[in-house]
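Here the structure comes first, spelled out in structure tokens, and everything after it is commentary.
As written, the chain order gives the labels A, B, C, D, E and F, with residue 1 at the start of each chain.
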Amino acid sequence: MVELVPTLLRQELARLAEDDARLDGRGRWEGREFTLETNCLYNAEGSAKVVMGGTVVYAGVKFELRTPWPDRPTQGSLMCGAELRPVAGRKYEPGPPSPQSIELGRVVDRGIRESGCIDMESLCIVPGEKVWGVMIDIHVLSDRGNIFDACGLAAIAALRTAIVPAERFDVGDDHKLQIKGTPIMASFTRVGGRFVLDASEQEELGGDERIHITLGDEGHLHSLQKGLRGVFTPAEFAEIFEVAQTRCVELRKIVAKEEEN
Amino acid sequence: MVELVPTLLRQELARLAEDDARLDGRGRWEGREFTLETNCLYNAEGSAKVVMGGTVVYAGVKFELRTPWPDRPTQGSLMCGAELRPVAGRKYEPGPPSPQSIELGRVVDRGIRESGCIDMESLCIVPGEKVWGVMIDIHVLSDRGNIFDACGLAAIAALRTAIVPAERFDVGDDHKLQIKGTPIMASFTRVGGRFVLDASEQEELGGDERIHITLGDEGHLHSLQKGLRGVFTPAEFAEIFEVAQTRCVELRKIVAKEEEN
Amino acid sequence: MVELVPTLLRQELARLAEDDARLDGRGRWEGREFTLETNCLYNAEGSAKVVMGGTVVYAGVKFELRTPWPDRPTQGSLMCGAELRPVAGRKYEPGPPSPQSIELGRVVDRGIRESGCIDMESLCIVPGEKVWGVMIDIHVLSDRGNIFDACGLAAIAALRTAIVPAERFDVGDDHKLQIKGTPIMASFTRVGGRFVLDASEQEELGGDERIHITLGDEGHLHSLQKGLRGVFTPAEFAEIFEVAQTRCVELRKIVAKEEEN
Amino acid sequence: MGGYGDVQLLNDDGSRLDGRKLDEIRPVTIEAGILPAAEGSAMVTHGLNVAVAAVYGPMEAHPRKIQRQDRAVIDVRYNMAPFSTSDRIRPGFNRRSREISKVTAEALESVVLVERYPRSKIRVEIEILAAEAGTRCVGITAASVALADAGIPMRDMIVGVASGKIEDTVVLDLDKAEDNYGQADLPVGILPNTGEIAFLQMDGDLSLEEYNLAMEYNFKAAKEIHEIMVDALRRRYDGGEA
Amino acid sequence: MGGYGDVQLLNDDGSRLDGRKLDEIRPVTIEAGILPAAEGSAMVTHGLNVAVAAVYGPMEAHPRKIQRQDRAVIDVRYNMAPFSTSDRIRPGFNRRSREISKVTAEALESVVLVERYPRSKIRVEIEILAAEAGTRCVGITAASVALADAGIPMRDMIVGVASGKIEDTVVLDLDKAEDNYGQADLPVGILPNTGEIAFLQMDGDLSLEEYNLAMEYNFKAAKEIHEIMVDALRRRYDGGEA
Amino acid sequence: MGGYGDVQLLNDDGSRLDGRKLDEIRPVTIEAGILPAAEGSAMVTHGLNVAVAAVYGPMEAHPRKIQRQDRAVIDVRYNMAPFSTSDRIRPGFNRRSREISKVTAEALESVVLVERYPRSKIRVEIEILAAEAGTRCVGITAASVALADAGIPMRDMIVGVASGKIEDTVVLDLDKAEDNYGQADLPVGILPNTGEIAFLQMDGDLSLEEYNLAMEYNFKAAKEIHEIMVDALRRRYDGGEA
């Protein structure tokens, strides 16, 4: 694809928006093709690979034994981090975690954590002494747009297939991590003046702000985040919220289907 | 105030010095107006705000439970740090602590520590097991000259009003932190060739080295520091030491008065 | 010595190589003069200074009490690090450890560790509870070429004279650290197209890749490392391996002689 | 959100523990121009929160790679003072403050007329001196007033406000206990004149209906706080330099 | 090398625990062009190891002080993903990965025609997604294929292979148990066409004879893996973009 | 200062534990030009302290923002080697060494004719190899000799010396025990020819009278050490390159 300079690109995207069209021919609320693969990595206790258009991300789950916080003696803990390393694209530079990667990790983390899909009490081994810490690491290998949704999907899919390695730590038998619910993120980007679903790299380059919506199994909001420069109206939010409902139901089915295999 | 270029400023300051005058009309040993306010911050166990001319600093005291050092099982500890963050002025940049902020924190720390005003034994809860760690954090919000004296004053004033939060840590009743003595810092800057007290931002910009003197209640030296490029003679030191004696007595009275309120 | 620009220097080195000659008149497998001095630093439990041509390095040994790793309850530990600080030469810059200094430390570490000269079991004080951690720090003060060999020599010489400070830690009587064997490193640099031993700073500036060979008392390989840009053939390796055998025997004798003094 | 079920946060008469009504904000006071070294500044107290903001610039943006050819960038540092919380915070940035700094900067870039200052940088320093829930919103409010105090042209102010959910009830402006034991938090940055939203985060659990009510409360609060902001700026210019 | 003496690594018939012969490598698969964002990329699975490499550039080398007037520099980052090992690795560089990155970059600079791109930089990103002994070699193989996939001219490929010693026996391509309890490891980077060596490390205990046998095994393996590399590149260009 | 009251530091005859008189320094030896890679260097042993200083430059000051239009800047790094103290020090700067580096640089900038080298930088590296109280002073002395050895023009040398107070008695040049259990320490940097002071720190408890006596001792010591410094430089230039 020809790399348009941003000003020309913005003009082109505005022109397309007038006809309700997109650069790659998709409909406004249409996502790119994607594949989900789970349990694909040796050494990760749960893992998933998501390819969404040209975006490729992996998520891996690891466990550790911890002592619980004194004020929550029967609760385990969850940590979710994302690495946007230089492998992911020409624009990414080495160095300490960028604000972009911190935001990415924290938005995915909040969606999973706030959905309550992990019962922290189920991670208790010995109250006040020993609990499981669950750590999800997300690794973006190729960024061609909308890494948030790809990362969110990889994270929950990896979690849902994770095996608690109790034998290796000498605290019982290996067992599946209990997960209730499948929080799913849907991200919208303002392109040519209006929001679209699952923006491509070019649309992000010539677009404006993003809104990330994470919905739980009953369609409740668990996480919201507006990123980048731009403003939106309550009416615009109402519209994308509806689209998010449909999108999340679809993706949730695909996660369930992959699990059955 | 017009921002003079340093060379012109230096000439102007030298000219004024010949007449024993200062840019803002003060006498050579005259400080700027200042206000001291204590217990002004929710969540700090002791706090103080000092406004000295256009310089604004806050100090806050926090406590933590620690295990004592093995060789001093009955002694608590003191830590005093200063942050010179970008909020304080156009010239301050983000990043790890600068040598300037490290020097500032350490000079204030030594003045308080070496005066012996905190009896480290009084911070012992259970010998060998549990002692209080006292942490003073100084935050410079606006630097218009002589932040050292403002920080030193804020630190000791915050300490003198601090309440040990024993109840929150479940180790007894809340009580006032015991403080014997009020170490005070007086700083002198070479401006136009001679030392002046409580230099303004302009005087610092066109001036040379600084000498920081911290005196205890009996007028003993507890901390000395020469900063910046320049040399001084023993005779010059003798002169500013006398001024420091007077200055410290005055400021100590103001700290005491604020405490009575 | 005149500092030749690298291109001219490379030409000159190539010309000399045709005559099997070197810039400073040495033979191809001839090392520079050097001196070794041990036990030269107060506070280090073992120390050595090596001067090799214009290269000056110090190594110091310290001990600490540690709890052993759960899977090796009767084994102490060894750590060897090198600092290439700005003192060592004009080209060295301040900042976090450079890849150069990390490589240097790790290559020296592997040579010592893999030779098995320290019996990790001999560092056990109370199985599962208390073992010695041995820490060798190498400090390069002047780099005029071949710091690897100088550092390797200083490290093993410092170790071989180290006293375990058991009294200071209240765990018995001070005693000599048990060391079996004297691993020695020999480094070769491609200069003017062929390898030479113990390259000078100028030879390194106008040369190519290096090969570092560490040999134990029986002439076995314990560590190999190729550094910098360049390739070599198996035949070239066979040749320098033979030279390394001779060189290491010589240096091992000098370490033994210094110990007797 | 903590979401502990066993802490009572509403009185039997439906009022809140501190006596506020469901749609009532904590007391807010604002003072502009309080830091002589800054080009613009403000202090906002909101409940027991104390936030200070300072503005420097526009100035040359360096290093050059952060420069934008067509506009100014806004460089925000949201920082909690070590003594601002119950447990002391170690100085230096953490992941939470970096995230808040990023989204706050993006919100402010949405209202400042950044096109007027190509290749330049405007520094906004937000310092939280005392924290009692809702500091990111208080910081946004302080930053808006400080930008106005510095004379930086904006197409609107941003008012930082938050609503949330406690005991299955939507309430405006969570205080510390409500934040610790509540079920959802919806902090937003509202443009009081256009009714647009420049800042949005949310966590917890909200149905669409609850979201709509929380947002209604937020708009109501934004109007009230906006008046206090305007008043502070008016006092600043009537009263001369602080 | 761990070098524990009491773990049996060879079966009574002289074969290895996983049934391999002494001079047999683990299964290797290679796919080129798997990362759309990169200019060249490859994924190599080698036993249970999974390594991905991406190539960007040549591009301007900055900061300027890393520029070389007469050639390109190759900037390698070898990184193990946090979930790639049995115990999670904290993200960020460590001393081991910095050393491997350095010597890998120097090896690649020995085969890439760097003189063609003065003052520029070629970025090579090696990500280990799953580790089962020998990752530095797998990374070198992946990097070579990714460079070729990016169309960067090279005078030869580099094949990463390792031999080692277990129970006083030289064997090819140590797996995890053999690496943990073995006596020596000799990872090298071989130029398959010229027979030269661009990468060399070794630790443990090897006599000259053992070294020579281990190197003989390595050369044999390099030939086998090189064919798989060439095959992957051929499939990539026959099959079009991934 | 530690200030433990129960450790005896003076013998009954008023002499010190190591036999020194109250106003007697520890033995000092100085050698110039000991580091071939540096443009100037010196090693100072002072009691059991060992300090080495190396000087590089004047060279271009970069990054540019540290440049001064009218003079050179002196960039000092005071560093304690990990093995220089009883308990090993983790490599890398700490707050103490950063403060000492700053005030040492400012002291040296007071005597070096920095105006002769606008926009340039002079690097002074001070490495403490063995520490036995008073290292900052020993470092200043070493730096002065190294600067002279490098041929950098100075209007005077700086001699680093310290006095202190033990058992209510002022003494010159505290050793390790005296430093640990003493009541005050007054390290200064004295210009031997002009009698001015370029470096001053102090902590503990000193009356004005005690300060004056301690300073008198310091000036006396500065004269003695200055002679050893001059002698080292004389030997260096008589004896040719090391």
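Methods note: contacts are C-beta pairs under 8 Å (C-beta built on N, C-alpha and C of every residue); 3 or more make two chains touch, one makes a residue touch a chain.
The structure displayed is predicted, hence computed values, not measured ones.
Asks: Need the graph distance between chain B and chain C over the touch network, please.
Replies: 2
Asks: If I average the CA coordinates per chain, which chain comes out farthest from chain B?
Replies: The chain lying farthest from chain B is E.
Asks: For chain D versus chain E, what separation do you get between their C-alpha means, in angstrom?
Replies: 51
Asks: Roughly how far is chain A from chain D, going centre to centre by Cα mean, in whole Å?
Replies: Distance between chain centres, rounded to whole Å: 27 Å.
Asks: Two or more other chains in contact with one residue: find those residues in chain F.
Replies: Within chain F, no residue touches at least two other chains.
Asks: Could you say which residues in chain A touch two or more other chains, in rising order?
Replies: 97 - these are the residues of chain A that touch more than one other chain.
Asks: What's the contact topology between the chains, one of line, ring, star, complete, other?
Replies: Shape = ring; chains linked end to end, path closes on itself.
Asks: Could you give me the chain order round the ring, chain B to chain D and onward?
Replies: Once chain B is placed first and chain D next, the ring gives B, D, A, E, C, F.
Asks: Using the touch rule from the top, collect the residues of chain D that touch chain B in their complex.
Replies: Where chain D meets chain B, its residues are 34-39, 41, 48-50, 52, 54, 56, 59, 77, 79, 81-88, 91-92, 123, 125, 127, 129-132.
Asks: What part of chain C is in contact with chain E in the complex they form?
Replies: Where chain C meets chain E, its residues are 97, 99-100, 102-103, 105-106, 110, 113-116, 209, 211, 216, 219-234, 237, 241.
Asks: Residues of chain C touching chain F in their complex?
Replies: 41-44, 47, 53-56, 58, 60-62, 64, 81, 83, 85-90, 94, 96-97, 135, 137, 139, 141-144, 168, 201
Asks: Touching residues of chain F toward chain B in the complex: what are they?
Replies: So the residues of chain F touching chain B come out as 1, 3, 95-96, 98-99, 101-103, 106-107, 109-111, 184, 186, 191, 194-208, 211, 215.
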